[in-house]
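Letters A, B, C and D name the chains as they come in the text, with residue numbers starting at 1 for each one.
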Amino acid sequence: MSGFNKVVDSYDEALVGLKDNMTIIAGGFGLCGIPEGSIAQIKKMGTTGLTIVSNNCGVDGFGLGILLEDKQVKKMVSSYVGENALFEQQLLAGELEVELTPQGTLAEKMRAGGAGLPAFYTATGYGTPVGEGKEVREFNGRQYIMEESIVGDFAVVKGWKADRYGNVIYRNTAQNFNPMAATAGKITVVEVEEIVEPGELDPNHIHTPGIYVDRIIQGTFEKRIEQRTVRTA
Amino acid sequence: MSGFNKVVDSYDEALVGLKDNMTIIAGGFGLCGIPEGSIAQIKKMGTTGLTIVSNNCGVDGFGLGILLEDKQVKKMVSSYVGENALFEQQLLAGELEVELTPQGTLAEKMRAGGAGLPAFYTATGYGTPVGEGKEVREFNGRQYIMEESIVGDFAVVKGWKADRYGNVIYRNTAQNFNPMAATAGKITVVEVEEIVEPGELDPNHIHTPGIYVDRIIQGTFEKRIEQRTVRTA
Amino acid sequence: MALTREQLAMRVSRELQDGYYVNLGIGIPTLVANYVPEGMDVMFQSENGLLGMGQFPTEDEVDADMINAGKQTVTTVTGASIFSSAESFAMIRGGHVDLTVLGAFEVDVNGNIASWMIPKKLIKGMGGAMDLVAGADNIIVTMMHASKHGDSKLLPECSLPLTGAGCIKKVVTDLAYVEIGEGKFWLKERAPGVSVDEIVEKTAGELVVPDVVPEMEF
Amino acid sequence: MALTREQLAMRVSRELQDGYYVNLGIGIPTLVANYVPEGMDVMFQSENGLLGMGQFPTEDEVDADMINAGKQTVTTVTGASIFSSAESFAMIRGGHVDLTVLGAFEVDVNGNIASWMIPKKLIKGMGGAMDLVAGADNIIVTMMHASKHGDSKLLPECSLPLTGAGCIKKVVTDLAYVEIGEGKFWLKERAPGVSVDEIVEKTAGELVVPDVVPEMEF
């Protein structure tokens, strides 16, 4: 039977159920390892009022940046934003809210959300604006703040290869936030470069076990490079 | 230079610095994926007053069970113990203390210890003897208890293959608690079946990055099976 | 007639659905794997770090590095993945496992379960049971309805130390299938040939009995 | 003469030790990679999930899936490992990185650092900087000693919102190498040709000056 065949054939199908005002967790670091197809589909759907949890917000005209064009994003939860003019403009106009979150705390919030842990303590951000209003607690003579985990209505993830069971592997630093995002969506959509035959992926080396994944789609990717730095051979 | 050559040639060298009353975090589940060589070395050294954090305590005459023979263990932090008569005897005689910890909480305590997170909240154990005396807190209408992380003076780990940089991969379900244990030791000792050439392990599929590992040793392993269940072909 | 162990497993197996990820506890729950309905695909999770557990190995396939949470040698199925204990319990605690089946000493009308500790007996530990009951939305407890002496194990309040609080909604016993809600047991089905009177007699906690109690069919 | 950017990096590089895992921030810290002493082996960690970062790729090697935390294309060295952001910050937060080098707007006598936010200017975010300063025992801040207008950046108390509290012990500026302890700055070295008087003048926080302040040699 088809119980474990998670492959869908179109992004329409992959994002079925996405509605206004939902929270989306997105993988990617800068423009590396971003779910290009799902982002394009969200733009196409025109869904608005979105809260997007992602380390960055793309650039003008690419990545999550394209969701700003029609003001689909209500709030970004990110560690670093503002690589694009439109973001800055909407932020200053009060049309866009941003919750700046330290990068490691952001990664851990996603992981904890997927792992059923509602909160954790970290020294990161203690004594800074990030710690304001958060519970402070001492362990072994050091001060820590409590951070709550994040769960999304959807998670949109970019993998390298997957099988129809939803087992996924990532390639190089395109891994980044993707594995945690994959665990933290009520519905997790993974787009990959290649869908491989069952059994082809080594069970010992699967980055995201299929249990976290609801829908798999094979896509094509531009993979734009933000800072092309080279040396002469 | 030898900055990243973590290979040592003897278990004497691998466990240098281990002293009475230290805390040791050990990988393994039952007798699967246990650091046989390090355990034998600890027995040989005769170190006493040890607190050992490990899911189980071996069996009579094998695994961590051999450290009971000369009463080297003061306390076990485990989810399931008592597979051996000596353990029961010492427990009832008050010579051995045991802190029973739910398996998932134990795994997470090790991970959090290695990851610099002093505590986390979990629903596991709420309303049970495990939750007694622990802080209870409500998130989204559900009750959770606070659990503190664990760090060891030593971590003893069993891997499959490693390179001299300390990068480790595990084989099948011998992985279990080993990757978390590896992160949570001030000194982490990993024994493996094979030391491979630098570059042989795929950087994308390393289970334990070398940064967590202090000493690597190639060992030989009995790999005793606790419950040999077979079917007829 | 009270259900046999096999019938208990068969009844539980009717709760399976195609595409379910399932964690089976030690004992009767393990037998559920033998009764997956024809043409249905489920994947078994073993909390020591294996998703996609297969049958026991042949002599040739036995591998000391491939065991389940009961420490038995096992195999994997196509599509399996193997991971750390932290990842395994992230799945469990995070509610990603669709169905958990486990045994118990007692359950009560508030969905509490006691399954790991009998005071004054040697306490071996809870293993992964507390994580499993805390993490799963969908748990089926399989147990005997009463002790050999006739003492009910479906109680107004558990007498033994708990494994989890308020987490059990479905119980399959050798006598009946019972649901838990609103601080009561709700009788849903009875074992073939078992009278409602016997079930009522052996249920110490408040039991709601409908006019008609269908008999399980095997 | 105040140190050049390259000299700042060279001075910092003297804190490297064989076998160190090092995280270098964006800007001057990045240059430290160019001055690893001959015969010494260090591994660079990039917080987007790479341990063992190598040099920039040749045109042929450029790979969109292989970048550093500055979003630059990079390569890996032998012995590298690649992992998730959660694992990367487990390393950082857990204190497994031996040395972290980063820039700052201000530091103060209590080891506070401000490096990410200037009120009323556009705030882009802290990225991984707060995790890095909270996780590392051994941090070197590289920065200008004073602004172009001569305003000291080594203060009695940071005026800008903090990146981390009480976490900085070593500062290399264009004028001096200063340690922080007991609520004071301790002058340890001066840049070649820079007078102690100039350093004193440009240090707003309490500065302890020893009888002899050795000059850095390059």
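Everything that follows uses one rule, which is that a residue touches a chain if its C-beta (ideal position, glycine included) is under 8 Å from a C-beta of that chain, and two chains touch if they have at least 3 such contacts.
Since we're looking at a predicted model, the values are computed, not measured.
Chain pair with the larger contact count among A-C and A-D is A-D, by C-beta pairs in contact.
Remark: subunit A and subunit C have CA centroids separated by 35 Å (rounded to whole angstrom).
As a whole-number value, the distance joining the C-alpha centres of subunit A and subunit B reads 32 Å. If you average the Cα atoms of subunit A and of subunit D, the two centres end up 29 Å apart. Subunit D has its Cα centroid 55 Å from the Cα centroid of subunit C. Of all residues in subunit D, those that touch two or more other chains are 82-83, 89, 92-93, 134-135. For subunit A, residues touching at least two other chains, in rising order: 108, 111, 115-117, 122-123, 171-172, 175, 203-204.
All chain pairs that touch, listed by label, are A-B, A-C, A-D, B-C, B-D. Contact residues on subunit C toward subunit A in their complex (touch as defined above): 17-21, 39-43, 45, 51-52, 76, 78-83, 87, 89-97, 134-135. Note for the complex: subunit B touches subunit D at residues 1-4, 111, 113-117, 163-165, 167, 183, 198-199, 203-204, 206, 209-212.
Across the interface of their complex, subunit C is touched by residues 29-33, 55, 78-83, 88, 91-92, 100, 102-108, 110-111, 122-130, 143, 160, 171-180, 207, 223-233 of subunit B.
Chain contact summary for the complex, subunit D toward subunit A: residues 46-50, 55-60, 62-74, 82-86, 88-89, 92-93, 112, 117, 122-131, 134-135, 161-166.
In the complex of the two chains, the subunit B residues touching subunit A come out as 108, 112, 115-123, 137, 139-140, 142, 144, 148, 169-172, 175, 202-205.
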